[in-house]
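Working notes, structure below.
Chain nomenclature is as follows: A, B, C and D, assigned in order of appearance, with residue numbering initiated at 1 for each chain independently.
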Amino acid sequence: MAKLWHKNYELNELVEAFTVGEDFQLDINLVGADCAASLAHAHMLETIGILSKGEYAALKKELLAVIEQADKGKFSIQRSMEDCHTAIENYLVKQLGDTGKKIHTGRSRNDQIIAALRLYARDFLLQFHASCTLLIRTLLEAAKLYQDIPMPGRTHMQIAMPSSVGLWALSFAEQLLDDLCLIDTAYKLNDMCPLGSAASYGVPLPLDRELVAKLLGFSKLQNNVLYVNNSRGKIESIIIDALEQTVLTLSKLAQDLILFSMPEFGYFTLPQELCSGSSIMPQKKNPCALELVRAKSASLNAYSLHIKAVVRALPSGYNRDFQETKAPFMRGINTALACVEVMSLSIQKLKVNEQNLLKGFIPEIYATDAALELVKKGVPFRDAYKEIGLHLDNLKDYDPKQILKAKTATGNTGNLCYEKAENELKKREQAYVNYNSHVENTYKKLLGKRYPFFKAVF
Amino acid sequence: MAKLWHKNYELNELVEAFTVGEDFQLDINLVGADCAASLAHAHMLETIGILSKGEYAALKKELLAVIEQADKGKFSIQRSMEDCHTAIENYLVKQLGDTGKKIHTGRSRNDQIIAALRLYARDFLLQFHASCTLLIRTLLEAAKLYQDIPMPGRTHMQIAMPSSVGLWALSFAEQLLDDLCLIDTAYKLNDMCPLGSAASYGVPLPLDRELVAKLLGFSKLQNNVLYVNNSRGKIESIIIDALEQTVLTLSKLAQDLILFSMPEFGYFTLPQELCSGSSIMPQKKNPCALELVRAKSASLNAYSLHIKAVVRALPSGYNRDFQETKAPFMRGINTALACVEVMSLSIQKLKVNEQNLLKGFIPEIYATDAALELVKKGVPFRDAYKEIGLHLDNLKDYDPKQILKAKTATGNTGNLCYEKAENELKKREQAYVNYNSHVENTYKKLLGKRYPFFKAVF
Amino acid sequence: MAKLWHKNYELNELVEAFTVGEDFQLDINLVGADCAASLAHAHMLETIGILSKGEYAALKKELLAVIEQADKGKFSIQRSMEDCHTAIENYLVKQLGDTGKKIHTGRSRNDQIIAALRLYARDFLLQFHASCTLLIRTLLEAAKLYQDIPMPGRTHMQIAMPSSVGLWALSFAEQLLDDLCLIDTAYKLNDMCPLGSAASYGVPLPLDRELVAKLLGFSKLQNNVLYVNNSRGKIESIIIDALEQTVLTLSKLAQDLILFSMPEFGYFTLPQELCSGSSIMPQKKNPCALELVRAKSASLNAYSLHIKAVVRALPSGYNRDFQETKAPFMRGINTALACVEVMSLSIQKLKVNEQNLLKGFIPEIYATDAALELVKKGVPFRDAYKEIGLHLDNLKDYDPKQILKAKTATGNTGNLCYEKAENELKKREQAYVNYNSHVENTYKKLLGKRYPFFKAVF
Amino acid sequence: MAKLWHKNYELNELVEAFTVGEDFQLDINLVGADCAASLAHAHMLETIGILSKGEYAALKKELLAVIEQADKGKFSIQRSMEDCHTAIENYLVKQLGDTGKKIHTGRSRNDQIIAALRLYARDFLLQFHASCTLLIRTLLEAAKLYQDIPMPGRTHMQIAMPSSVGLWALSFAEQLLDDLCLIDTAYKLNDMCPLGSAASYGVPLPLDRELVAKLLGFSKLQNNVLYVNNSRGKIESIIIDALEQTVLTLSKLAQDLILFSMPEFGYFTLPQELCSGSSIMPQKKNPCALELVRAKSASLNAYSLHIKAVVRALPSGYNRDFQETKAPFMRGINTALACVEVMSLSIQKLKVNEQNLLKGFIPEIYATDAALELVKKGVPFRDAYKEIGLHLDNLKDYDPKQILKAKTATGNTGNLCYEKAENELKKREQAYVNYNSHVENTYKKLLGKRYPFFKAVF
C-alpha cells in the first residue's frame, strides 16, 4: 500500500528510513485515539453533506473494527506506510474503496496527529492524576501513623533540629498536591479540540468544528487554525514540565529513602522484594527502584528539553521537526507514571525503625531549643545564639517527643494540620472523578464503550 | 560587621569568596522585600509577646528607613556580610542594639530568603502579566487591522495554502493567552507564605503564622515547615518554566519576522530605529532585537534547567546548593520581561507590505482548493488529490481575498472569531487588576505606601 | 531461567518491570561485544589456572555460537533475565553445566557492561569516522566544483557581502574536520579496557588485566578499578558531546539548505526523491530529511544532557542510576550517524542554480567594497564607512566574479586554500584506516573473523 | 561618543538597552585581549601599506596605554558604546584623530570579538590546566599517604567490598587526568587565529593573515573566513563541555566528602575554617563549599546547553544571537576554575579518621571474598555465590588490611600502580609549561610584557 502523498516518484530508501524513523512503531499507541477522532470527523462530514449516511455507517463500522483490533494488539503499521494515519486510511480504502478515499476530506495528517495525541494524553493524564492521588493518600496515611515518631531533622545533610516522621511524610504529600496543580493546568490546556485546522490554514469547506469537539468530549475548541499547528510540541512540553515537577519531588523522596535506609542510619527498611541483588556480591540487597526514580527525574528533564529545543524558533506552520517531539513525549509520560507507582509501592511497604531514628537525637540537635530558652528568659536571640554556640558541651538532653509537641505553630511537629492536605486531596480526587466520568460518557456515546487509549509501557 | 553565625573562628578567604559568590550583589534586589517580611514578622513577634510595643515601633521605623534607602539605591551589602539578611540585621543592631538582636527570633535566613523571593516574584509576575496582556492586545489589534490582507501560508517553510496576516497575528494572541494560564498557575503557587518555617523544622515558639501571611497579603499559608524549604527552587523553576513557554511562543514570532522582513520576501518592514548597524558594512540594518529574542528563548530554557538540575535529588531540608538557584531565577525573569516588551514594540512599529505578500500567491498555493473543488463534484478526496498533484501545470489562478473569505469554518481566515480572544483577554486584564489592587492595598497597610520590589534590570 | 543474583526470594512484579526497563531490548545490541569480552576474560582465567584448557575450549565454542546467533538476529533475551549478561551466562550454564557457572569468576556485570559498551562504541566510532570523512570529501568536492559560483553572503540573514558557493561549502568541510578532533579524543578515551574491576573494588584473584586488554585490542588498560566504574556515563557523554558538535554543524548546513531552497531564493534544488509530500496539499515537496537533521541536533543535546544529569553527584562506586544512561547513549549514536549519512546524500544530490544566486547581488552588497575603495584613496575607514552609508543610492554595480577574485587573503573567495582541508582530510582518512585495521586484526585473532558489533538502527 | 555604525538615526531606547544587554560590562574582561589583537592587526596593516610607520607607532602607544589602564581596572565602557571594540576605537579616534579611524580597516567587530575571546580563553585554559594539575597532585599525594587505610567500598551507597582511601583518592586523580585530555583538545581548537575574516566574508585587501596569527602566538590560522564566524559559540561550548566533565568528576568527589563527613560515618573531617554556620542553629558547621561544588556541576551543564541552544540551527554568517553566548561562557570558565581550587583546598585540609572507617568493615563486606575462597576450593563461582548468599550469618571476620593487600591485580588496593598516574601527570605539567612559555614569549615580544588577560572573578 502506498503513502498518502504518493504520486509519481519513489522516495530514496535512506531518506525514507530516516524520515519515518520510529514513527510507525510509536504510532501503534495512537491507533485507537486516531480512529476515534476519525469517527467524529466522519460524523461531522456526514452532517455537512460530504458523506452520505451509508458511507458514514460503513466508515464507522470499519473504524470500530480497527479500534477493536488495536486494543487487542492486532493492528500493525508497516514502515512503508509511515504512520498510523496512513495505515488506517489504507485499511479503509481496502475495505470500502471510494468511501475510504473520502475520509481525509477537510483534514491533514497534521491536525490528525495533534488530535490523536490530545486524546491519548487526556487518558494518560487521568491515569496519572489517579496514581498521584493514591501516592498522596499513602503519604498522608504515613504522616498520621508516624506523626509522633521522632526523626532527626537535617540541613546540609547534617543533624539540625528535632523533627518527626510525620512532618517528613506530610511535606511530600503537600508538595505533590501543589505539583498536581500543574497537572491540572496541563490537563486543561490539552483539553482543546484541534480538528478542522487541516495543514495549518483550514480548508474552504463548512466544517462544523464545534460538533467534532463535542463528539470527542473536548471542553473547548482550539480556535485559530494556525495556532493549532503552532501548539504542537508546546502542549506536549507543558505536560512533561508538569510531570517533571512531580518526579522532581519524588527524586527528593527517593534520595531520602536511599540515604536513610543505609545501615549507618537504618531509619527505614525496604522489604527485600523491592530490592535487587548483585551478580558478584552475595550479600547485596540494593534499593534499585529508588535509584532509578532518582535517575529518571533527570530523564524527565531531558525529555522536556528535547521537545522544547526541537520547536524553538521554528517558523509558523507545520514543520517536519515536530515529528521528533513524539518519542520524548511518549517516553516522558510512561516514565513519570512508573515513578509514581513505584513510589506508592515503596511507601506502602516501608518499615520505620523508631530506635534507629532516636539514635540521631544527639545533644547538639537541641542547640536551637536551648537558645530559645534563653530568649524566653529575656536574652536577645543573637546573644543567646552565641552563648549556646560557644558552649555546646553544656547542652543538656531533652525528651524528643516533648520537644516535638512543643512546636505548636501551624505546620510544625506539634500541630501538623494534616487535615488541610486531606481536604485538598479530596478535592483533587473529586476533580478526577468528574473529568473521568465525562470522558467515559463521551466514549460510550461515540464508540459504544470506553477503550483504554493510553496503555502504560514499562 | 560580622556574619550572623560568627562565633570564634574565621572562614578561609577562598571559601568565603566561593560560598558568598554573587549573593551579596544579587540580594540588592531583595532588600525591600526582605524588610517587608521582617516587618510582618516583627509585628507578629509583638503580638505573641516576644517584642514589646516599643521594640516593634523602633524596628518598624528602621526597617522602613532601609526600604526607603534601598528604593533609592543607597543601601549596600558588603561581601563579608554574605547576604541582605545579614546586612539588614547588622544595620538594625547598629541602630537599635539589643532590639536589633531580637529580630531573628523564631526564624532562619532560609525562610527569610524564600519569603523575600516570593514577594519579589509576586511583584514581577504582576508586571509580567501586565506586559503580556499589552502584547496580546497589540497582536489582537493587528489581527483585526490586517484580517483581510492575504499572506502565503507555509508549511515546511514552503508555500502551502492561502492565509492572511490576520490569521497569523491572531494565532500568536491566542497562544500567548494560553501561555498566560501557566503564568497564572505559577502566580498562585508562588502566593504562599513560607515564614515560620525557620531552618526547615520550625521552632518551639507560638508563632502566629497566619497573621504574618495575612500582613504580607499572601492568599495562603504554606503549611508544612519542611515543605517550605523543600519547595526552594521548585517554585522558581515553575515560574521560569511558565515564562519559557511565553518566550518559546515569541521565538516563533521573532523567527517569522526575521524571515519575512528579508528583502526576498519583504512582507514586513521593521523601522530603522529598531535595527542596529554593522561596524564594517555601511548598508546594514539588522533585526538585532528580534535575533536576541530568538536567542533568549534558549536562555530561558537554560535558566530553568539550571534551577531544576541544582535541586534534583537533594535530600530533605535546606542544602546550600539552593543558593545557586538565585542567579538563574533573577536572570530568567528579567530576560522574559524584556523579550515581551521588545516584541510589543516590534509589533506596534511593524509595517505590513500587501504588495509583497501577494507575490507569494503563486498558482500552486491553490492546489488544495482545486482538489476540494473536485471533491465538491463528487470525486473522492484521495483521487482528487492525485489528479491535481499530477497536473499542477493546469492550476488556474484564484482571487486570494475570495479564497480567504471562503474559509468560513471557525478559526479560519473567513471567520477569525477574534472576539473569543478578546473576551479571554478582558478576563486576564481583570484578573491582573484584582491581583494588583490586593497587593497595593497590602503594602499601603503594611508600609504606608507601595514600593516597586521588582525593578526590571535590562 | 533465573536472575544471576537469585537466591531465596522473588522480586515484586512492578519493581521487576521498572528496574529492568528496556534493558533486555537494548542489550540485544550488545550480545556480540559482551561475548567477545567474555571470551577474553575466559582465556585469561585459563592462563591463571581458574579454568582448565578444556573448560576454556568449551566456553569458547559456545561463546562463538552465541556471537553467530546474535549476528543473525537469533539470540533473544527475556525480560526476566534482565540483561544480556544474564542471558548469556544462563545459556552457558544450560549448555555446559558447572563450566558455565565459572565464567563469572572475578568479574561483575558492572565491568561487563562497561566493556561491552566500549567495544560497541569503538565499532560505532569507526563507522562514524568513516561517514564523516565521506561527508567532508563530498563538501570539499563541492567547494572545488563551485568555487567560482557567486553566492550572496549574509549576516543577520540579510544580504551582506559577495561570497561564493565554494567558500560556503568549504566552511562546512573545515568545521567538520575540527569536529572530528573531538571524535578522535572520544575514541581515545573510550579505548581503555575496564575488565578486572569487578563491582568497583576488584577481587582477590591474580587477574591478568593486561592480557585481557591486549586480547580485546584496547590501546590501554584503565588502571584504577574504582575509576572504571566511576567513568560509567562519563565516557558515554564525552562521545555524545563530540557527536553533538558534529550534528550542531549539520544543523547550520541543514538550515542553510532549507532556507535557500525556498522558491523565493531558489539557490539550491533538492531532487524530489529526497522530498516527502503532504497528505492534503497535492503540490508539496518538503525537505523533510533536512528538517529532521535540524531537529535531531536538539536531540543530541537532550541525550548528552540526559546522561550527564543522571550521573551528576552520584557517590563513588556503582549506582543503579547508571542503567538510565544506556538508552540515550544508544539513541545518540544512531541519530548522529543517520544525520551524517543523510547530509552526505543531500550534498551529493544538490543542484546549484547560478542564475538565482546572482539575483542576490543587489547594489548594496558592494557597500563595503565601495568603502574600501575610498580607503585605498586615503580616506580613513571610519569616514569612508559613513560616506558610503549615507549615500547608498549612489552605489554602482560590480562584476561579482571579479569581486570574488579580488579577495586574495588566505581563506577568502579568491584564495580558498582548499588544499589545506584536503591534506587534513587525508590524515583523518589514514587515521581511520589504522584504527580500523588494528580492530580488524584483533577480532580475527580472537574470534576468527570480524563481526559488526555496531549495527546502525534507523 | 557614538556607536561605530552610527549614521543618521538614533536607536530606540528600549531596543538599545535590550540589544546591548550586559555586553558593555562583560567586555571589561576583554579589553586587554582586544587591544593585543588590534595591535597585531595594526602591525600587519603597516606591513601591507595601509598604515604608515608613524601611524602604527601612534596606535601602538595608545593601545598599550589602554591595556595598562584596563589592567589597573581604569578603563571603562559606557552602555551607549555597546562593547569594548567601540570604546577602544572611540578612544583611539579621540587620541589620534584620523589615525584612529583607520584601525578598523579590513576587519569587523565579528572577528574582533572572536579573536579577543580566543586570547582570553587561552589564558584561562592555561590557568585552569595549572589548577587541575595541582588538584591531581594533591589527590595523588593523598592516595600515597592513605594507600593502606581501609575504607568500606560501596555500591548502591550500600556497603559492598573492602576498599582503601588510597584507591578512592587515586580514582579521582586518574579521572581528572583523563578529563584533562578534553581540556587539551579544547585548547588546541581554541588556538586558531580568526582575524582577517571580517564580517564572515573577508575583504578585498591583501591582508597578511599568517603574520597576525604569528604575532599573537596562535599555533594555526583558521582558514575559511566563513567558518571563522560559524565557529562562534562552537569553540566556547567545546571549552565548557570539557570543563563540565572536570566538574562532573568533582561533583562525585564533593558528594563523597559530604556523605562521609556526616557524623554517622565520620570517615572524613573538614576543618571548621572551610565550613559556614547557620543563622539560627548555634551548633552547625556546614560543608557549604562542597555543596556549592555539587550544585555548580549542574551550572556548568546549563552554561554549555545555553551556548549550544543559542547557536543551534542558525544559518551561516554572523547572527546577533551569538552575543547571548558570551555571558554563559564567562560564567562557565570562572565557575569551573573556582570549583577546582576549592576542591584542592578541601583535599589538602581533609582529616582522615581511620577508626571510623574501620567501623564499616562489618562481616557482610567480606561476602565476595568468602565466595572466592570457595572458588579456590573448586566450587563453580555461581554455586559459591549462592552458598554464601544463603548463609550470610556464617560469615567470619577478616583482617581488612590483609584483604586489601591480597587484591594484587593491576589497579587494585594491593597494587595501586599510582606511578602510572604520576607519569601521566608529569607529562601534563610539562605540556602546560610549554604552552605557557610560548604564550609568555609571544606577549613579551608583542606588548613588552605579559598581562593577565584572564582574571578570575569569584
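Heads up, the rule we're going with is that a contact is a pair of C-beta atoms (placed from the backbone, for glycine too) under 8 Å apart; a residue touches a chain by one contact, two chains touch by 3 or more.
Just so it is clear, the model here is predicted, and its values are computed rather than measured.
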Other chains in touch with both subunit C and subunit D: A, B
From subunit B, the most remote chain by mean C-alpha position: C
For subunit B paired with subunit C, centre-to-centre distance based on mean C-alpha positions, whole Å: 38
Separation of mean Cα positions, subunit D and subunit B [Å, integer]: 32
Intercentroid distance (Cα basis), subunit B paired with subunit A, Å: 24
Set of subunit D residues in contact with two or more other chains: 4-5, 7, 104, 155-157, 160-161, 198-199, 203, 259, 277-278, 280-282, 284, 286-288, 291, 294, 298, 301, 305, 309, 312-313, 319-320, 368, 385-386, 389
Subunit A - residues contacting subunit D, complex: 155-161, 258-259, 262-265, 277-278, 280-288, 291, 305, 309, 312-313, 360, 362, 364, 367-368, 370-371, 385-386, 388-389, 392, 395
Parts of subunit C lying in touch with subunit A, wherever the complex brings them together: 3-7, 9-12, 14-15, 17-19, 21, 85-86, 104, 107-109, 198-199, 203, 272-274, 276-282, 284, 286-289, 291-292, 294-296, 298-299, 301-303, 305-306, 309-310, 312, 319-321, 323-324, 328, 338, 341-342, 345, 458
Subunit B to subunit A touching residues, read off their complex: 4-5, 7-8, 50, 89, 93, 98-106, 110, 153-157, 160-163, 167-168, 170-172, 174-175, 178, 181-182, 185, 188-189, 196-210, 221-231, 234, 237-238, 241, 244-245, 248-249, 251-252, 254-256, 259, 294, 297-298, 301, 305, 308-309, 311-320, 368-369, 372, 375, 380-383, 385-386, 389-390, 403, 406-413, 416-417, 420-421
